[in-house]
Structures are given as structure tokens and as C-alpha cells.
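Both complexes below contain chain A, partnered by chain B and then by chain C.
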Partner chain A sequence: MFDLTGGTDGMGGLQPGTVEGGASAAYFNPALLSDLPFGVSVGFMVVSTQIGVTLAARPGTQFDVPVVPGGIANVTYPNGSSIGNVPIPTSQLQNGFAPTLGNPAGLPAKPRQGAGTGHQTTAYETVGIVVKLLDNRLGLGFYGIIPDGNFTELDAFYSDEREQFLSNSLHPELYGDRLTSLSLGFGAGYKISDELAVGLGASLSLAANVTAGTYVSNINALGHLLLDTNASVNVSVSPNVGLSYRPTPRWHFTGTVHAPEKIDLAIGFTFLLATGTQQSSTLPLVYDYMPWQIGAGAAYDIVQHKDETLTVAGSAVFQKWSDYVDRHGETPIPAYGWYDTLTPTVGMRYQRDATGTFLDLQYKPSPVPPQTGRSDYVDNDRLGGEVGVDYAFTFMHTSMRVGGQALVYWLIPRYQTKLATPNEPDGFNHYPALVADELPDNSVINGGPVAGSQGLQTNNPGWPGFGSAGVVLGGGIYLTVIP
Partner chain B sequence: MKRWLGLASIALLGSCKFGGPSANPYAYVASDSGDDATPEDGPSSQGDDAPVRSDDSGGGLGADDADDASTPDGGAAGKACDAAVAACDPVHNTGCNPLQQCDVNPSVTAMPTGNCVFNSGSEGGGACTMTPISESCPPGSTCVSGGCRSLCYCNTDCAAGQCCSDTTGAQGFTLCAPCM
Partner chain C sequence: MWLRVPFLLAACVPACYPDVVPSPYDYGSDAEVTSPTSSSSATATSTATVTPTATATATATASSTAMDGASPPPSGPCDLSGHWIASEHEELDGLGVLEAAHVWYYFELSQTGSAGMITKGMECGENVAAISSGGANETSTKAWPAYQAKLQVALAGVTFTSTAAGSSCTVSFEQFYTVIGATVPYYLNPSTTLPTVSQQAMGTTPGWEDWDNDGNPGITQNSTGLVDGQLYLSARRSSTWSGTIAASASTFQLSDDWTDDPDDLGYSPSTAGLLTSQAGKYSDETTQFVQFARLSESQASGSDDTICTTIRSLAPTLTPSGAGN
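And now, the complex of A and B:
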């Protein structure tokens, strides 16, 4: 969330690690806290993502998982072993089927991209505080972005053919629930000299464990399932450090390092069947993963008068996305390994008397390589800008600042076509990086071959290709009281 | 205005990507080692989910597949001397930018995972060091119990007289050790 909105409580804009804003420096660059006055700020912000995902049409029914007389669940290898994750016949997946005697619940339709996400608008409250100590050389800060509605949302999905069993849709990888998690940061900045300040901060995340023991008396009547749960939630801390150096009155250099952040959720479950069979498994989930981030920036006052200042600022943030861990705790394979990225931002600040304005422009390359294989991570290069205004005034003998900003990102349209998967007549998946053949060519049923099993059959929602594009719009206002 | 356009252009040109895909998506992966690499052998040798990746697999090979692939082959014919390792390949030192090398990432246990780190150099024969951002051992090896150990997927990755057999290192990775 911090990565998308930047500083929302002052002149930080999209370069909050380089330009002093407000209490949000506690997260972006705690060294800047030493330059800020004591104050309390509150704000309101709205972010709307409008990201569309378009799937290419399937070219023919020969690529469908067929309806198998006798039931696809009974398809095996020639030696009688299971084919693993049994796919759902494509037509039944798309259209569902009515309840039958053998399947009284039927199957609801799961049309491709019928449950896609990417269009959401979320409102947030922001709160921050800066406290000064030690003759104003030490600044302590806290900053939080709290989503309205749910305290935090954690939505997992698979980014390959496994998602057919769930939403049968593709979802933007770096948006969605990542924009609804609680974002809290605190830090301390100490001014070693008039030129140099250092800072240490941390952001808070959650780490939860849930274990569930279940007893299934009748697999056809799960309403009678018995279940106990044990849950624990811990807070994890991700540190960051910052540096601020002013070699001359006009120049300002900054540096920041942020350690990886994530929300861990471990789910363990045990099923005990009436037959006495018991099986256990665990499932690690990872949400809101942010990699190592190293930032550097510089600002220069082109004009520096008593009542007027014009500053240009530039910064860049290196993000080590090659370590990315998706919501199911999986990392992209080398053939589709993610890029590390460098995101540059340039901008300008103009301060005249009590009024300040800013403009920032940013280009953020996507870390996701073209998804021409099995995986379907959806992401786009992002071009954006933010404008803002800040006004200082006095009310009832108390200094205050009020301001607002608006941001817009354009997610540059992107389209990718899947590579062809070579035939695998022996039934093995020899090309694991490519779209998987979910019905092996040598599969059998009732001792005979399965019609329609030759070549590729897949329900991968992203096959044979998909595109994505969209915009992200946001805006907010804030009030800072400086007693 | 021209200055602004210039700055914007610099910003666009300055945006960079590093690393990224480090393997051929058409790389052929043998299904299993030696003579049991046929589906007719049944689940005992193949596993229920080997041909189509399992539900706990990574973005590519399943974790089980990856473990299988990194198991020493003992020179068995037909075994691909490769494995599914996330992020980067510490055995062959691929997937990182030119300034870094790939080391094992012991903090990720769900599947074998590499980590791009800086080489901190050796300290003249002293114990090696390994941190989340640095490694003192040369590429292709990793620091285990204070000593540099060569990583491997199969025997051909090891020096003469050594076999890819020691699994006491980071989970999911195998080390070269004297052949028994």
C-alpha cells in the first residue's frame, strides 16, 4: 500500500524517502523525522483500481478436457495409477451441470474470468504523529493507513491451471488484497550534525497459524462435519534504515533500505474419516510480500529565497522482486523468474509563503516477465504521476497544515500468448515450465484409451493467452496540527 | 518545459530490469531417474502427481518434483542434471545480475530457492560467512558449518572422486562429498 500511494501527509508525494512530508517518514525514511516538527495528522484517502484482464478465445474443442463416459475421476495411467489433479471437463467447468442422483449438489458454472478481480475502490483513514526529543535532534514517528471496512483482506489464488477448481479466473498479482492490508510504520530519526541524520524504523505485519481438526462422518453430507480450530496471531516486524545528508543549503541526499515484508498464514488441517483413516497436511500462505528495497534520492533548491523555494527532486528505488513469494508461498521458476526492478521518480516542489505544491512523475517497470508458459501472473508496467498542495495557517493560536493530493497510474496494456506445449506421448510432463497437459495422452478408462486425450488438454484460465490494462486513481486530504 | 521533458525522458530511460528468466522454458526434464521412468511403474515409483504437477508445486516443478530432481542420481542414465530452483540457480550460478552470485536461500523451505548475494571474499583461510546479502564462498558453492561446499544436482557437477550425495546442507539442495 505504501509503495502505491507514497506519502499522503505532506509534500512527500511519490518521493517520500527524499522529500520531507509528514509522519509517513516513519516508514519511508525515518532519518527525515529529525527535520519535522512535533505534530499530529489525520487524513482520508480513496484508491480505485480499474484493471481489466482479457482472455484470448480458446481455439478449438480438441484442447478441452473432454467429458469421459464413466467419469473423468476414474481415468488412470495404463498401470492403474491416478493421474493426479483430475481436471474438470471444460464444458462442465464453463456451464456447470444440474444435480444428479449421483451428485445431488450439481456443479455451479465457473466461466473463464467470471470471477475476475481488478475493479475495486477502497477508502482509508490515515493517522500519524511526530514527537521531538533531545533538543529537537531526535524525532519519533508513527504512521498508519487503515482501510475502512475489513481490517485487512487476504485473498489467495493460484496463478496457473490449479485456479480452474476455484475462481477459474486470473487476478492482478500486485494489487487486489495487497491494497487492503493494514499498513503501520514507526521509526526514529536522529540528527548527528546539522548536515547528517540517520534513522531506524520498522513496519508491522502479521503472522498467523491456524490448525483445524475435522471429523468427516459422511463425505456426502459435509453438513455433519465436526471441526475444532486452534489459531494464533503474532506481529512480525520488518526493519528499515534511512539516511539524510545536506552537504550544502541547497543539496539534499537520502538513502533507504527496507527489509522484506509479508504476512504469513500457516494452515494445518487433519481429516479423520469414519473409516478410521486420518490424514494431515499444512498449507503455507504468504500475502502482501514486499522484497528488499534500496532507495536513493537527491533534491536541489534551484530557487532559494526567504519566501519562495523551487526544488527539483529525483529518486530511484531498487526492488529485489526476484525473491518474490506468491500467495501460496511459491516462487516463480527460473524459466519465468521475476526481474529485479529499478523505479525512477522525478519531481518538483514549489513553496511560496504558506503554500506549497508538488508534482511527481514515476515509471515503474513490471517485475513479471511475459507469461508465455504455465504461470499466469498478471502485472503491467506502470506510468504515473501525483500532484499535491499544502497550506499552512494558524487557527486559535495553533499552527496547522492542510493539504491534499491526487494520483493517477496508467497500467500500460500488455498481451502475451502461451508457447505451444510439445506432445508428450509417454504421459509425463517433460516441459514443466509450459502449459501442462492435464489429461495424459496415454490415459485409460475401463482398460481402453480416453477419447480426446491426445495432444494438449488444459483448463489453464490464461491459455492460449491473456492481456491486461487499466488505471489506478487515488486522492486524499489531510490535516496536521502543530501545537 | 524542455527541462521537464528531459527529466521525464531520463526517468524512463533510467528504469531498468535486472535478472529475470534464467532458463529455457522448453528445457526437457526427464521424469524420473533410470529405469523407473515409466508410468507403468505406478504410484510407488512415480507418485500420483508426477506427470501433471502436484497441487503443492511451485510456479514450475512441484516441490516433490524439485526434490526428486535434486536427489543424487548416482550416475543413472536419463536423469536430467538440472532441477527446479526458484529465483536463481546456485549450482550453475545463473539468474543473477553480473555483480552478484547465486547462493542457496535457507529461509525458504517450501521449495529449493536461490538468493542473489554479493561475494564478500574469503578471509585468508578462515571460516566462511554467509548472510542474506553476502557469501564468502565462490559461485557454485555455499558456506556450510564454516566451510565452503560445492553444490550439485548430479555427479557430473562434482569434482573427480566426489559424488553428489550429501543432503546435510540447506533443505532441497545436495552437496558434493567423497564417493563411498
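And now, the complex of A and C:
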């Protein structure tokens, strides 16, 4: 969330690590806390993501997973071994089927892209506080963005053919639930000298463990199973350090380093059957992963008068997305490894008397390479900007600032076509980076070949190609009280 | 008012960036899940199938006379002498999951008066098919030649009675035992403990035998469905068939009072422990039966291999209930 909105409580804009704004410096560059006055800020903002996914048409039914007489669950390799994750016949996936005697529950339809999550609008409250100590040389800060509704939301999905069993849809990888998770940062900045300040901060990370012990007496009546859960949540912090250096009255240089952040969720299952058979499994889930980030920025006061200041600022943030771990704790296929990125931002600040305004422009490249293989990570290069205004006033002998910002990002359209998967007559997956043939060419049932298994059959939602585009809109207001 | 602007913008923008899923053709409608060798509807309680074998010539010959049904004329309305196909249907319940086991036999029966005997019997194959979702499907086709050869000694000599009762006949077979995956006839005696995995048959020493020649002990049952894996086992079973049939019937059904004493010798992979579950006889006794159909002498003839091939292909049509269709 911090990465998307920037500093929402002052003049920081999309460069809060370089230009001090408000308590949000606790996350972006805690060294800047030493330059801020004591105060409390509250705010409200709304962010809306409108990301559309366009799927290419499936070219023909020969690529569908067929309905297999005898049941696709009985398909095996010629040696009798299982084919692995048994795909759902494509027509049944798309249309569902009514309950039958052998399957009393039936199957609800899971139409392709029927459960996309690219269109979300969320409101947030923001809160921040800065405390000054040690002759105003030490600044302590706290800043939080709290989504309305769910305190935090964590949604997992697969980015390949495995998602057919769940939503059968593609989802924006770096948006969605990442914008509805708890964002909290705190830090301390100390002014070593009039020119140099350093800071140390941290953002909150969570590590939760959930174990579920179950007893199954009847596989055909799973609604009657017995269940116990044990949950534990450990709080961890992801540290960050900051530097602020003013060699001259007009120049200002900054540097920041943020350690990776994530929310770990480990889910353990233990199944006990009435036969006494007991099996256990643990599944890791990782949410809101942010990689190592190294930022540097510079600002220069072009105009510096008593009542008027014009500042130009520029910054860049390096993010090590090649270390990315997705929601299922998996790294992208090596052939489609994510890129490390450098995000440049430029902007201006103009302050005249009690009123200040700013404009920032940013280009954020996507770390996701063209998805021409098995994986379906949805992401786009992003071009955007933010404008804001800030006004200082006194009310009842108390200094205050009020301001507002508006944010627009354009997700530059991109489209990719999947590479063709070569035929694999021996049934082995020789091309794990490409779209998987979910029904091996040599699969058999009742000793005979499976009709419709030759060539590629897949329910990968992103096959034979997909595109994405959209916008992100945001806006907010804040009030800072400076006693 | 201006606070609502972002919401208003958010409401307008989806029209510019909706999800798009073109569909140039209709996805195929669901096909009924039916047995490939049967024309029964998908509402049948069992989805069991009989594996058609590769040697289709005997099947073609047999099918051309499959509906003749004419055996040599019996000496009386309750005389079961002749050649028969029999399909046993036994339903099991494990953890609430229903499965049906099927066994296909070839019998030559001889009867004098009301007493008769199996003069030649072959077990030509068997399988387990899931009835309810979550059930396992188990096949062990590689062991069928061993069933055919080794169980003849267990079936030959089994006696039965067929007695007239008005316009019906009361038929009763004596309880007989069969053993798979272990030395026959040594383990036919129910008081003899079945072998452990360390007791492999060697020379004249009885024990488990690799009937499917796959290097694993006993019989290997390949399971698919909710439980994937292989189960290695031997087993001793008993069957007692009885019932009342119509006089001069060329097809009839008898109730099957059976017991099963499995001897688990191992399983693979290690996570396939479910395969060792002790499924019990399903409580509905009407689901435990054997279905007979009389064969003409030309319907199943030739070598034992040829006969059993024919039996497996005829079972779905001549004994549809027993074969699982």
C-alpha cells in the first residue's frame, strides 16, 4: 500500500523518502523525522483499481480436456500410475453439471475469468504521530493506513493451470489484496548535525500458523467432519534505514534501504480417518511480499525566499523483484524470472506563504516478464502522477495543516501470446516452463487410449494468451495538528 | 461533494477496462459418463466397466452368436447342466464410500437329479469400481491369467443342488473358497493363516506368489480416483450362492453370501495408506448377488485363454447387473 500511495500526509507525494511530508516518513525515510515538528495527523483516502483482463479466445475444442467415459479420475499412465492433478473436463468447468447419483453435490460452473478481482475500490483511514525529544534532535514517528471493512485481507490464487480448480480466473498479481492489508510503519530519526540525520524504522510483518486437525468418518459427507484449529500469530518487523544530508541550504540528498516484507501463513492439516490412518501436510502461503528496496533522491531549491520556495526533486528506487515469492510460497519459473526494477520519479514543490502545492510524475516498470509460458502473472508498466495541496493555519492558538492529494496511474496495456507446447508422445512434461499438457498423450483408461488426449489439452485460464490494462485512482485528505 | 469524486470516477472507469472473454465457439455440452461397453444411462448406480481385451477376434465370433443363448437342452426344468457365464457383484462400504467388486467366471456344470457339480471353472477376471464419489477404482489385469489358471483347482468339484419347487427351482451352491496371490490349494483351508510379506512361496514351500509378475508380492491392485496408488495383497474369499429361480431359466440371479479375508502385503506410495482401509460388506443384501447366463457350446470355446477372453467381453451384455453396468 505504501508503495502505491506514497506519503499521504503532507508534501511528500510520490517522493516521501526525499521530501519530508508528515509522519509517513517513519516508513519511507525515518531520517526525515528529525526535521518534522511534533504533531498528530489523521486522514481519509480512497483508492480504486480498475484493471481489466482480456483473454484470448480458445481456438478449438481439440484443446479442451474431454469428458472421459468412465471418469477422467480413472485415467492413468499405461503403467497404471496417476497422471497427477486430474484436470476438470473443460465443458464441465465452464458449464458445471447437475447433481448425479454418483456425485450428489454436482459441480457449480466456474466460467473462465468469471471471478476476476481487478476492480476494487477501498477506503482507508490514515493516522500518524511524530514526537520530538532530545532538544528536537530526535524524532519518533508512527504511521498507519487502515482499510475500511476487513482489517486485513489475504487472498491466495495460483498463477497457472492449477487455478482452474478454484476461481478459474486471472488476478492482478501486485494489486488486489495487497491494497487491503494492514500497513504500519514506525521509526526514529536523529539529527547528528545540522547537515546530517540518520534514521531507523520498521514496518510490521506477521507470521501466522494455523493447524487444523480433522477427523473424517465418511468421505462422502465431508460436511460432517470434526475439526479443531490452533492458530498463533507472531509479529515480526522488517527494518529500514534512512539518511538525510543537506550539504548546502539548497541541496538535499537522501538514501533509504528497506528489508523485504511479507506476511507468512503456514497452514497445517492433519487428517484422521475412521480406519486409523493419519496423514499430515503443511502448506505455506506468503502475502504482500515486498523485496529489498534501495532508494536515493535529491532535491534542490531553485527559489529560496522567505515567503516563497520552489523545489525540484528527483528520486529512484531499486527493487529486487527477482527474489519474488508468490502467494503460494513459490518463486516464478526460472525461465520467466522476474526482473529487478528501477522506478524514477521527478517532481516540483512550490510553497508560498502558508500554501504549498506539489506535482510528481513517476514511471514504474513491471517486474513481470512476458508471460508466454505456463505462468499467468498479471502486471503492467505503470505511468502516473500525483498532485497535492497543503495549507497551514492557526486555530484556537494551535498550528494545523490541512491538505489533499489526487493520484492517477495508467497501467500501460500489455498483451502476450503463449508459446506452443510441443507434442509429448511419451506423456512426460519435457517443457515445464511452457503451458502444461494436462491430459498426457499416452494416457489410458480401461486399458485403451483416451479419446481426445493427443496434443495439448489445458484449462490454463491464460491460454492461448491474455492482456491487461487499467487505471488506479486515488485521493485523500488529511489534517495535522501541531501543538 | 468533491469527496465523492474518486467514487464517481471509480464507478465510470470499469466501462473502459472490463474483463473480456471472447467465445468464438460453444464449449461442448456434458457427455454422459457411461461405460464404454454398455448403453445404460448415467443414472445407473455403478460406473463399473469391463475392460475389452486386445484379442478382439474371439469377441467378434462370440458377439455374432451372443444372443443365440441356446445351450444343449437340459433334461429337466431345473437341470443346470451346461456351460455358463457368471458375474459376481459385491458392494463394499468403506468410510461411507461405496464400491462394487466384480468377478467373472466360466463354469461347466454337470447335474444328475437334483445334485450337481462344477466340472470346470475358471475365474476370468475381476475389478473394483467406485459407485459413490470418492471411491477407488482398482484393477489388476496383469493377474488375470493367474486367476484363470490357478483357481481352476478351487472351483472344480464345488457342488450344488437344484430342486424343483412348483414352477421354480431352488438352487444352492455349497460354500467354496478361492485364494489369490498365494499358493493354491494350500491356503484354501480357512483355518490356515495367510502368508506375511516375509513368507514368499519357494519351491514346495507355500507362501505369497507374485501372480502379476511385477516384482511386488501377491496381487498389485492399481487404484485411481480419490486414492491413487498400488496395493499389494493376497486374499481368501468364500462365496455361498443360493436362491429361487424360474424353471428352465437361461439367465438367473442368486444371492451371494460372501466373506473376504484380505492379507495386505504392502502399498505404494507411502501416502497410499488409505488403500489398506478395511472396507466392509455393504449392509443392503440385495447388492450382493451373482448373475448367471447360459452359453451355447459355440459361444465360449477353444483354449482357456480364448474362453476367458470371450467371457470378459460377453459379461456386460449377458450379465449386465453382475458385471456392473
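One rule holds in what follows: the second predicted complex is superposed on the first by the 483 of 483 C-alpha atoms of A that agree within 3 Å, B and C clash if a C-alpha of one lies under 4 Å from a C-alpha of the other, contacts with A are read in each partner's own complex, and residues count from 1 in each chain.
As a convention for this text, a residue touches a chain if its C-beta (ideal position, glycine included) is under 8 Å from a C-beta of that chain, and two chains touch if they have at least 3 such contacts.
The structure displayed is predicted, hence computed values, not measured ones.
A.B. asks: Look at where chain B and chain C land on chain A after superposing the complexes, then choose clash or fit.
C.D. replies: They fit side by side.
A.B. asks: Let me test your reading of the model: by the given contact rule, A:N423 touches which partner, first (chain B), second (chain C), both or neither?
C.D. replies: neither
A.B. asks: Rounded to the nearest 10 degrees, how wide is the angle at the Cα centre of chain A between the Cα centres of chain B and chain C?
C.D. replies: Once the structures are overlaid on A, chain A sees chain B and chain C at 70 degrees.
A.B. asks: Counting only touches as set out at the top, which of chain B and chain C does A:Q304 meet: first, second, both, neither?
C.D. replies: After superposing on A, A:Q304 lies clear of both chain B and chain C.
A.B. asks: Check whether A:N230 is in contact with chain B, with chain C, with both or with neither, and answer first, second, both or neither.
C.D. replies: Neither partner.
A.B. asks: Quick one: is A:G80 in contact with chain B, with chain C, with both, or with neither? Answer first, second, both or neither.
C.D. replies: A:G80 sits against chain B and chain C alike.
A.B. asks: With the two structures laid over each other on chain A, which partner does A:G447 touch: chain B (first), chain C (second), both, or neither?
C.D. replies: In the superposition, A:G447 touches chain C alone.
A.B. asks: So, does A:G70 touch the first partner chain B, the second partner chain C, both, or neither?
C.D. replies: second
A.B. asks: Touching A:T398 in the superposition: chain B (first), chain C (second), both, neither?
C.D. replies: neither
A.B. asks: Classify the contacts of A:S375 with the two partner chains as first (chain B alone), second (chain C alone), both, or neither.
C.D. replies: first
A.B. asks: State the minimum pairwise Cα distance, in Å, between chain B and chain C in the overlaid complexes.
C.D. replies: 6
A.B. asks: So which bits of chain A does chain B touch that chain C touches too?
C.D. replies: Touching chain B in the first complex and chain C in the second, residues 80, 82 of chain A appear in both lists.
A.B. asks: Mind listing the chain A positions that touch chain B in their complex?
C.D. replies: 77-85, 159-160, 162, 284, 292, 312, 314, 316, 320, 322-323, 325-326, 329-346, 348, 361-365, 367, 369, 372-375, 419, 422, 424, 426-434, 436-438, 440, 442
A.B. asks: Inside the complex, what are the residues of chain C that reach chain A?
C.D. replies: Residues in contact with chain A: 3, 5-7, 9-10, 13-14, 16-25, 27-31, 33-36, 42-45, 47, 49, 51-54, 94-97, 130-134, 137, 139, 141, 222, 224-226, 228-230, 271, 273-274, 276-278.
A.B. asks: Quick check on the complex: what are the chain A residues that touch chain C?
C.D. replies: Residues of chain A touching chain C: 46-48, 50-61, 64, 67-71, 73-76, 80, 82, 89-92, 94-95, 97, 100-105, 111-113, 116, 118-119, 121, 216-221, 273-275, 277, 279, 406, 446-448, 469-471, 473-475, 477.
A.B. asks: If we count contacts the way the header does, which residues on chain B are in touch with chain A in the complex?
C.D. replies: 4, 7-8, 10-12, 14-31, 37-43, 46, 48-55, 57-61, 65, 84-89, 94-97, 105, 108, 110-111, 113, 115-116, 133
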